[in-house]
Amino acid sequence: MYYHDKRLQYPVTVEKPDPQFARMLQQAIGGVEGEIRVCMQYFFQAWGNRAPDTRYRDMLLHTATEEIGHIEMLATAVALNLDKAPASLQEEGAADGIVGAVMGGERPRHIIEGLIHKNLLSSGLAAMPIDSDGVPFNMSHIYASGNVAADMYANVAAESTGRVLAVRLFNAAHDEGMKKMLHYMIARDTMHQNQWLAVVEELGGLTTQAPIPNSFPQSEEDNQNNYNFYATSVDGTFPEGRWTSGPSVDGKGEYTVFRNEPLGQEPILGPARPDSGAQTDQIGKA
Amino acid sequence: MYYHDKRLQYPVTVEKPDPQFARMLQQAIGGVEGEIRVCMQYFFQAWGNRAPDTRYRDMLLHTATEEIGHIEMLATAVALNLDKAPASLQEEGAADGIVGAVMGGERPRHIIEGLIHKNLLSSGLAAMPIDSDGVPFNMSHIYASGNVAADMYANVAAESTGRVLAVRLFNAAHDEGMKKMLHYMIARDTMHQNQWLAVVEELGGLTTQAPIPNSFPQSEEDNQNNYNFYATSVDGTFPEGRWTSGPSVDGKGEYTVFRNEPLGQEPILGPARPDSGAQTDQIGKA
Amino acid sequence: MYYHDKRLQYPVTVEKPDPQFARMLQQAIGGVEGEIRVCMQYFFQAWGNRAPDTRYRDMLLHTATEEIGHIEMLATAVALNLDKAPASLQEEGAADGIVGAVMGGERPRHIIEGLIHKNLLSSGLAAMPIDSDGVPFNMSHIYASGNVAADMYANVAAESTGRVLAVRLFNAAHDEGMKKMLHYMIARDTMHQNQWLAVVEELGGLTTQAPIPNSFPQSEEDNQNNYNFYATSVDGTFPEGRWTSGPSVDGKGEYTVFRNEPLGQEPILGPARPDSGAQTDQIGKA
Amino acid sequence: MYYHDKRLQYPVTVEKPDPQFARMLQQAIGGVEGEIRVCMQYFFQAWGNRAPDTRYRDMLLHTATEEIGHIEMLATAVALNLDKAPASLQEEGAADGIVGAVMGGERPRHIIEGLIHKNLLSSGLAAMPIDSDGVPFNMSHIYASGNVAADMYANVAAESTGRVLAVRLFNAAHDEGMKKMLHYMIARDTMHQNQWLAVVEELGGLTTQAPIPNSFPQSEEDNQNNYNFYATSVDGTFPEGRWTSGPSVDGKGEYTVFRNEPLGQEPILGPARPDSGAQTDQIGKA
Amino acid sequence: MYYHDKRLQYPVTVEKPDPQFARMLQQAIGGVEGEIRVCMQYFFQAWGNRAPDTRYRDMLLHTATEEIGHIEMLATAVALNLDKAPASLQEEGAADGIVGAVMGGERPRHIIEGLIHKNLLSSGLAAMPIDSDGVPFNMSHIYASGNVAADMYANVAAESTGRVLAVRLFNAAHDEGMKKMLHYMIARDTMHQNQWLAVVEELGGLTTQAPIPNSFPQSEEDNQNNYNFYATSVDGTFPEGRWTSGPSVDGKGEYTVFRNEPLGQEPILGPARPDSGAQTDQIGKA
Amino acid sequence: MYYHDKRLQYPVTVEKPDPQFARMLQQAIGGVEGEIRVCMQYFFQAWGNRAPDTRYRDMLLHTATEEIGHIEMLATAVALNLDKAPASLQEEGAADGIVGAVMGGERPRHIIEGLIHKNLLSSGLAAMPIDSDGVPFNMSHIYASGNVAADMYANVAAESTGRVLAVRLFNAAHDEGMKKMLHYMIARDTMHQNQWLAVVEELGGLTTQAPIPNSFPQSEEDNQNNYNFYATSVDGTFPEGRWTSGPSVDGKGEYTVFRNEPLGQEPILGPARPDSGAQTDQIGKA
């Protein structure tokens, strides 16, 4: 179960509210690389964790709980960027170029607010669980496969795209408060990448953990086709690299190259059933 | 651009059509761990690839093209499992228990077909781009971040959950043809996991590639908070592991533990604007 | 604006409630081939219709309004099939095979109701705007392009897949009341197919209306590539048919065959920007 | 920010695992009436709360935090119902009717597991953020309008449909542990309904708070059309009730009845623009 | 069944077309607070209504039918705001600030039209069933629970957020015709809020109708936990209010406060099954 | 199975990158009229094709394969329009009006990039499988009904809306390279419209193929209601046209007009079940 403290995990301040930046921050809340995703992903991985070693369940709960606080920080940042936004922008506008131009007309607020759509019309200038294009977060993005190694790589992927996004937002930010908040979140993503990779290493690393799942006996997979790169170019050329020769990363095979060609035949499906709503031309003769 | 051969990548045969297994196979077509996902993910990563080294673009095209053939194999397998399915099941039913019971009534086909819903009603006993619960695939699952290392981990995660799914289907399969097809797909997932990990290794491995993105100078991230595990339990306990002490996996820090507490303050948003559609109680006094 | 009569368009009766058939009927309500789709499609086409000839707007309103009554009939049919369903099924069960087997255990209602999910849990045994797999209808399926001919073909497609679905439901139905309702809906789909095709014919038929849109001067399209079938097979073979030779259906060209090959070059994108969150390896040197 | 305790809010036990009941419980996790919805709804209402009186923000945080624990309880219940499920069902099957019949065949697990789809194939017998039909939760259901009274009614609606669902699950449950868990959740829904209604009462009740938003001067709304029931039946009949005569519930008007008729005219849109991709027939003459 | 009159419910006129306002109006069509939602919600509540008193079914049909006319008005308003929009804006542009600036370049129409995306590209300058961010309406937002009181509160919530949205649009509108249309719609929302609340009052008000559902005997819910506010703050503090002491709004309890703590234990799931696609480390020993 | 050539189907060049046009092009990738849709639609129609005549399966594979190359061309075009976009725009800005104004401020890139949202934040200036509003493509738009004639009309509709979209993009384009690419794609859509219509003609045209499906004996449909236009206007007026008199397009009936009225009765559903979570008022007396 859970507790809260109404103070924020880390300070969130905004000197110059910027509605467009608020919209960009939405990507870090409701985008597929965002904080709702990692928060819920770690929770569902923890709640469904099946393993004699309960430390992974525990660890996931610690970090899932931490992530709620990240959503909260970003939601606060969005609201502050929308706080009195039009008025503040209007003043600023007089001085600096395009914003001034945008603000100088008879309905500046309308123009700017037309760019932030639902955050204005649906939430009253607050954050929403949507991405920067206004698309609501869809929970199908919560990856919790029941396989601890697969989940760890899904988590590394989530924290990597998450840190890429945070860096892009950092580079787009002009407000010092926003840069400070983001430099904190980037740091936490550094830790979390290292944290999930540490689990794989603790379990023995790639040579014991891969291919994933390692509980399926490799003797039962097709041993003619498990370490060869398929060249599908029509002329048979292919790019050479670490993946075309030498020992495989999992230590269990040797990379080779296969010029791809059909190993199967043209598939023949049965004709349509007489009662299947097909055209008569599709229905086979008895 | 692209070419096709109307023969299949690998043989697909079904001796005893099984509509329920057809529905399960749908997960490997339209599920988030399925083949549409990896196919389109590799294509979009290739088409948007920005790097002086064009080999990654090339390699992605080879494997994306291979994956179209996997969707095709699975779509064929679904159709064959639905081919004349009811009749065949009905005969089988006489002999073996529940299936016999299910088939012995006056409308056996109705009962069985009631379990496969859209594959019967919408597609005329063919495969659809849906998962095993009939939910259509949503293209937001195509991860192509513009960062090659983040993408490689997203690909490892996709191939890991994909191989986990293929193993589950293999373990649930009773038809020899289906087992054969799946033992081939499991093998290809083994290669693809190794292939994406090979890229990370070729680029220098974790110590040069992480934290991702490695183009952001770590001196600008919050160096008090980038290698410490946050313990968020209310009593301060935490599970010890590779992630609580010792050098970090990326070789750039040392794991420590931080008993989490608020570093920020209670956030105060401005009151609602008079014209914002709030209740009067929410609107601040001037 | 709109009026209603609380009587139904056509009689809807159910003698033997059948929860599984209720679930199948949901496809005709909330499926992509269903009645919500055609109803809303015709309304949005009417409301956005731009043409000096206002008869099309009018006609669309007539039929859109008719379709509300079809959703209503189906919603009534679903509710009646769920009405006292378990009890009635239980009695029936004693007599006829699988249904009897299903009903003979200690929790027959549970088992059957477990198959109808949301109609039981969310709506209290009523119809919902979902398909037969429980997926809610998504309004992106409302095609209203602003081009009257494109819209007519979208409508023919909708009524064709709609009539195919109705036929499949008719073939799966056992209750006389349900068969009667469906034989009416099948008839209305016959009319509606003929209705939309009549518009194309009235406007002059394919030779004046195609290619769609006909307002784009064909002299500006690529006249080397507008009537040739592209053979993309790797060996250059292709299936001969009406589409490989002879005059085109729109009367403006002659079908030929082109053995496909790349007309463009390998695309080269610029390297990643230094501030774009890519890996350093992806960023070009100045 | 947030803390956790790894113990559950309330005991969750399952004596006889039941995979079908697990699927039904998913509705209370990822259904639109479920716990993810209320949890996230209260969080977003709190994080975006704009009001001089900060007690509402605080209160929302308390209850949002409580709701995380409810998702956790349900996720645990789903996993326990899937725990060793097939084996346990198989033994039980011998004794009691349909389950016995279902279990007596050669592949009982397959049949039962075919009904739980993604919980088997995607999560390895754990809970997922999906509803009982396998549809993932979509965050567009988080209502946080920026108007405190509108939000309170959205919360009452959420807790009412939530308690209705919990009652349906309670009535469908056979396991004592599940009944106990649900009798607790039903009780919490009782409190939460009362809690949100208390806010409306504290603010002055309907006569000061309605119509919502109360910050819009009613003198500016159309005072001919704000307290009359529109009879849209084609014959002008209508059902009499509290809504057709007497003082309005908000105390600001008197209910009357209006036999509806068009107050506007037939709309005329401009013809299609020449460059708009319409058919030539749609484009107006100059 | 249904009838139409091709005249509008209320006059819709636009003097100065404004494409950005057209986009904002889309929220009232396809947003979750919009008119498609209430229209379909009332229809599905009516069609599935189960109650000896058929007046509620009737009343819902009256108002659902009215709402079709509201979608029609808004769709007309969107189309009129896009009618000849660019040209008209261009002239206006010369005179007034930002719009002039926006219009003064060589491709003004392009710039403005780039902001309205799909309304330009997909519908040919007509309304679509999307919200102001272009997200299509999803029918999962149709709340029809089978419980009349729960549904009434869902309706109050829908009309409250709907009126909040209409007020925001009214405050953003500059065109007199648009303001007039919106002042009418705001008035109808006033009535509809009062209408649904009148049903609850007619049925006896909160003291007989709550907690919802009132058909579940409260003696069976957990009577230790049904009227206490859970304080989940880590320090045990909480905001006092109408919800922490005094009689409950439903008249059946007394509010108290509970400092939250775990009542359950740490959950232990069984280990992964050997055939479940987990890592070997997760599979228990026999 | 499939092959690729890394060269493009047709040349794609961009002289002046234009981020707003990139966003518009996204509609042709991930919009419902876009290339992912036709590509996947033709593939699924081919893979599920049931007919003694295998030429249709073959033909569909040829064209589906061609369409992959169209997605590739558009993805390349999007990336090139985002390539170094800001810098190039900035220079151009100095000279020409609004773009100059937009570019003259202190953070021009920020402003422009704020309009392209996810293409900047999620993909690093590459194409994504989203439409011009950032909504991801949903695979429910793949129409493959199992009826060859219904599918051909769905394909005509797809290619018609697709060509309408391509024409709109062509008309909005300023770059010669973009116009050239689009004039090619418009041409291919011309062929594809003619191709699908050719199949219907080859099969015998409307008089043998309609109504669709033609395998349902029309003697079993309601012959009182299959060729009459339903006038649903409240005053009985209707627009005369090809659809109100004369022989039907399918040659099997004669158009007439029916002034619509209810043919059924007011539906009466059973009362709510005692255990169904309804209010007590809804539950019938025994």
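Think of it as A, B, C, D, E and F in the order they're written, each chain with its own count starting at 1.
Just so it is clear, a residue touches a chain if its C-beta (ideal position, glycine included) is under 8 Å from a C-beta of that chain, and two chains touch if they have at least 3 such contacts.
These are the chains along with the protein names UniProt gives them: A, B, C, D, E, F = Mn-containing catalase.
Model, not experiment: these values are computed from the prediction.
The chains touching chain E (Mn-containing catalase) as well as chain F (Mn-containing catalase) are A, B, C, D.
Chains that touch both chain B (Mn-containing catalase) and chain D (Mn-containing catalase) are the following: A, C, E, F.
The pair with more inter-chain C-beta contacts, choosing from B-F and D-F, is B-F.
Ranking all chains by how far their C-alpha centres lie from the centre of chain D (Mn-containing catalase), first place goes to F.
Although chain A (Mn-containing catalase) and chain F (Mn-containing catalase) share one sequence, what matters here is the overlap of their interface residues, and that overlap falls short of half of the numbers used.
In this entry, chain C (Mn-containing catalase) maps onto chain D (Mn-containing catalase) through a rotation of 120 degrees when their C-alpha atoms are superposed, rounded to the nearest 5.
Between the CA-based centres of chain A (Mn-containing catalase) and chain D (Mn-containing catalase) the separation comes to 26 Å, rounded to the whole angstrom. Centroids built from CA atoms put chain C (Mn-containing catalase) at 32 Å from chain A (Mn-containing catalase). Shared interface positions of chain E (Mn-containing catalase), i.e. residues touching 2 or more other chains, are given as 1-9, 32-33, 48-50, 54, 58, 61-62, 65-66, 76, 79, 101, 115, 122, 124-126, 130, 133-136, 138, 140, 145-147, 149, 161, 164-165, 167-168, 212-213, 215-216, 232-234, 260-262, 264, 269-270, 272, 276-278. In terms of inter-chain touching, the protein chains here all touch one another pairwise. Interface residues of chain C (Mn-containing catalase), counted against chain F (Mn-containing catalase) in their complex, comprise 3, 5-12, 32-33, 54-56, 58-59, 61-63, 65-66, 73, 76, 79-80, 83-84, 124-126, 135, 138, 140-141, 143, 145-147, 149-150, 153-154, 156-157, 160-161, 163-164, 167, 170, 183-184, 186-191, 193-195, 197-199, 201-202, 206, 210-213, 215-216, 218, 220-234, 238-243, 248-250, 253, 255, 260-267, 269-270, 272-273, 276-278. Residues 1-6, 48-54, 101-108, 110-111, 113-115, 117-118, 120-122, 124, 130, 133-136, 145-149, 203, 209, 212-216 of chain F (Mn-containing catalase) are the ones that touch chain A (Mn-containing catalase) when the two sit in their complex. By the touch criterion stated above, chain A (Mn-containing catalase) contacts chain D (Mn-containing catalase) in their complex at residues 1-9, 30, 36, 40, 43-44, 47-50, 57-58, 61-62, 64-66, 68-69, 71-72, 75-76, 79, 122-130, 136-140, 142, 144-147.
Here chain B (Mn-containing catalase) touches chain E (Mn-containing catalase) in the complex through residues 164-165, 167-168, 171, 234, 275-277, going by the rule given at the top.
Remark: chain A (Mn-containing catalase) residues 20-21, 23-24, 27, 31-33, 96-101, 115, 131-135, 161, 164-165, 168-169, 172, 174, 232-235, 260-262, 264, 268-272, 274, 276-285 touch chain F (Mn-containing catalase) in the complex.
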